[in-house]
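Multiple structures follow.
The same chain A turns up in both complexes below, where it pairs with chain B and then with chain C.
Then we have the complex of A and B:
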């Protein structure tokens, strides 16, 4: 009897709070999705219809012509930029994940003098914004004559203090010392233990670090702006920005900027949707333990 | 155990060796020994940073004809969008490009910080003065003797773009004075339109209006700067436009946006006081109004005069630290005076040359359909000759523009006036100059 009453009471309460929560989430989702909808609708329009039709609904559907025009403008430099971004962000995030995981694992699992000091210094690096580092990095790279190269943007992207922090937390909570001991007893070297045992156990955290670093490199605007002068090396964010500054001389370019912006968010969407399963596991699993 | 410590020791040694190498090469290069401007031996490779779209086409012509002086084009956002800062960083780091595109209003900033090489000693440069319109040469020499800091590239002489069909239907003559313009504004407002849109963010356009009125914002007597954003003519222009704003006779849409394009496309805006490159802006942003526009000289403060303002324009300068200033100067001069190069740049970037002969290029000879078949470039050629040669830009225009634009945004939405914005911009500019240890009055 009492259990039915309490469940009915519980059901009524959670319906109200559930509805309120849903409402807030719907509003937030709406707020974030409307600009993307606008971007999609704007990309389908011909320039002449841009100002004359309802901005949130379609005019004539010209998306594929717009994409074709974008692809041929300046010999397809836009797709070169997309490739650059995917290289900088994808390959950069992969290597950054590897390095941070190794560093976090080492700090979590090996006792050595200066361990905490090293960790605290690395943690201090989380506080330094990327923009503050761009100019010193430029001067540093100038001394070795490596500005305006692929490496000038790629190498600084391999560093992720936040990744080291996440990896350390995850390694201490989800890689039991006993497993490492067992591997040592079986004769595995430390490096082999790391790659075959620890990375499997730390996979959710590695995916989380990868996604964080991917987004952070993709959005890092100031570093390419200050390092790069060769159009072939630009990431897509900087390329679109440069085009946008030319609008007063070539008004047509505004259409390319809009279609380009739409295309440039696709890799990020794919990365998140594809890896979100791991992302959810990674964030929650540490709490369970 | 010892294996591990040996590895660790090795890593530490390597890291410190790298760090020490970096420290020992400190100090960078000597910067610019901008000594005599003498030709270099052998093949020369120059780097040229420009944000002009399609400038590679013009440069390719030079590269074909000059196998011993090859120019590589580098690009980036426009000057105020980051490239000027990059130039200064690169000059400091010693790896600046040989040549850079610098707009007229940014050149004093580079001059004050010794960022550009004086080309007067390079062969043929001082003699080139006769090729360029007189006021553009003043803009690159600052009136100094034996000094040329850049080669003028393009200009933005201003005129009045207007909807010929709407004016005719309303029975209005094209305004030739600012008083007539204000009177027409009231009539047009009654018909439901606006005579024009007041731009709250194009401070260099507003400077062009002050330039037309014969005013100055900056002066340099060789000792110190004088900042006069509130000079008599500047005040006159500010009061004029403030009057139009107060009576709701001009639109206040943010420029360079979709709504701004829509306002012109729908016929709500009847005129635009703008530069020669604005022809393309209107035809792209307001395609439904094709054939209905025409161009007339700017309205004047005094009946019968023909003064014009200037909005925009760039130069090509040789940046400090270039190892081949002679070849760079030759290239810059060719780029900005050769008819083929100028035609190529007009085709790709819609720019209007600063040369005296530029107005006679074939590409400017025809009438444009969008403007009812009018040969609009004739109007601009006249305007280019009537720009006051003595207008001076200050050494911190980017900052001044930002400060004044903040005030203008306020004025446009009702808090404060344009003159207040100019005065506050003036105070902030004087403070900025003092903070940079640049001598300034006041």
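Then we have the complex of A and C:
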């Protein structure tokens, strides 16, 4: 009797449902990967082959020539943009992670007057669309004559209310009060306890916050669009956007837009693959509570 | 126990210096770059520009709700709001439906090669909106697309379809991200919960519908709220599409309207637009949150 039940329970799903499931997966994989494949193939072609050969298969492999041309076009401004993006997003996300983890930890672990009120205001901040802030930020920065500067794009990106929310949830569930208490008894200061004990326990949440913020700064478009006039300060998305608007006047720029687009997505892919062990665990924390 | 916790909590107040260090940097930046701009936008939206004669010097004076009256009479702005709402009503359910389906399939024993599929679906999230829009602009092109058999016949960049062409770009980028949030929630459900259902011979579809989906509803709510916020903020993709087609006007979405109004420059009206849009977004995401919470209580 019990063996019948277990064979029934463990019975393989029918061939039909397995095939249907695999078919859905394959169609979706095709949909998600073909545009990236197209971009890669297009980046390997020279100008004449771009229009004359099959868009989804290789002609002569000119990827490295194309990159070399891109590196010299307009004194290599493209790589300047890449560096800017890495600086805006890398340094910005690093500091934002530190600040929001400290704040979330403090809200989770210390009682102080107005704690819930402060947390609710920060939570409200999660729901404020970032683009609603871009215009008033521009007006404020222009009051002090600081638009079109590195800081006008960098400083606003150091704030991550969602990070505080995630850090608070994570700190409540994964940093036991007993450990903090034990560190106090050992004579460690509060700040030292945070940096030596709490950050270690909160590492998955911190990686998640870092990645979220990195992506949102890397993808942020309205703020640089409204703040920056000087090409030298552009992040890579902004630079490619401007080039793309010039394609009809300067046709050869199209090749640079395509190779540039390919190069611009590589850092994020590396960041995701390298850190996926962490963020897959961390992501669930935000969704569950 | 309660007394002990209270005692411990009271002890916490004894660390004002540590609290200042922990909360100071975030608090300062949050105030400077969130609260002050919101306040300043409200302030700017209450001003109006007055000129002495046609060519006289322009001065900003307090105008009360003049700008808001302008906002409510501005047909282009409301057309843009209606356009993104139409977009959201279709695109958000489609995107989240696909994300949920893919997450459930990844979590079921029906599929092989899970690691590959997970990465394949998530890969587009690494492509910034601007870049995704540029790529799809080429893919929609009647001449350069790999799918000229279709794009030669159907004008995806024409006035009728361009909104849905943009919807496809947004869907392409964000399905994998939403799928991953739902999938992580699915992974954290202990398998014992549906072991019994499996033993009773319930199909995977039945388990998904009756057990898994109700358990991951908080994750779905979260993705829905983020998607609604994203929809109302739509900017990068239509801004890029402006170089591919004239069907995208300078007031195509609310944020494009804000950008072009600020460029006029009519910053006071643009500030009023920003305030109205932010309140609208806030109300809508709050509404979704409350609506789903009420369902949880029932």
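Convention: the second predicted complex is superposed on the first by the 258 of 289 C-alpha atoms of A that agree within 3 Å, B and C clash if a C-alpha of one lies under 4 Å from a C-alpha of the other, contacts with A are read in each partner's own complex, and residues count from 1 in each chain.
Keep this in mind: a contact is a pair of C-beta atoms (placed from the backbone, for glycine too) under 8 Å apart; a residue touches a chain by one contact, two chains touch by 3 or more.
None of these values were measured; they are calculated from a predicted model.
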Which superposed partner A:245 touches (first chain B, second chain C, both, neither): both
Chain B versus chain C as contact partner of A:51, first or second or both or neither: both
First (chain B), second (chain C), both or neither touched by A:159: second
Partner chain in contact with A:35 - chain B first, chain C second, else both or neither: second
Which of chain B and chain C A:147 touches, first, second, both or neither: first
First (chain B), second (chain C), both or neither touched by A:226: both
Superposed model, chain A: greater residue contact from chain B or chain C: C
Touched partner set for A:61, first chain B, second chain C, both or neither: neither
Chain B versus chain C as contact partner of A:139, first or second or both or neither: both
First (chain B), second (chain C), both or neither touched by A:79: neither
Shared chain A contacts, counted only where both chain B and chain C touch the same residue: 50-51, 55, 135, 138-140, 225-226, 238, 241, 245, 247-248
Chain C-touching residues of chain A, taken from the complex the two chains share: 5-6, 8-9, 13, 17-18, 21-22, 24-25, 28-29, 31-36, 38-39, 42, 50-51, 54-56, 98-100, 102-103, 105-107, 109-112, 118, 122, 124-125, 127-133, 135-140, 155-156, 158-159, 161, 164, 177, 181, 189-191, 194, 215, 218-219, 221-222, 225-226, 237-238, 240-241, 244-245, 247-248, 257-258, 261, 264-265, 268-269, 272-273, 280-281, 283-284, 286-289
Footprint of chain B on chain A - complex, ascending: 47-48, 50-52, 55, 135, 138-140, 142-145, 147-148, 225-226, 228-231, 238, 241-242, 245-253
Chain A-touching residues of chain B, taken from the complex the two chains share: 22, 25-26, 28, 47, 49, 51-53, 74-78, 81-82, 85-86, 89-90, 92-95, 97, 256, 258-259, 261-262, 265-266, 277, 280-281, 284-285, 287-288, 349-351
List of chain C residues in touch with chain A within their complex: 8-10, 12-13, 15, 17-19, 21-23, 25-27, 29-30, 32-34, 36-38, 40-41, 44, 98, 101-102, 105, 108-113, 116-117, 119-132, 134-139, 143-146, 172, 175-176, 180-182, 184-185, 187-188, 198-201, 203-205, 216, 218-219, 222-223, 225, 229, 232-233, 235-236, 239-240, 242-243, 255, 258-259, 262, 267, 270-271, 274-275, 277-278, 281-282, 285-286
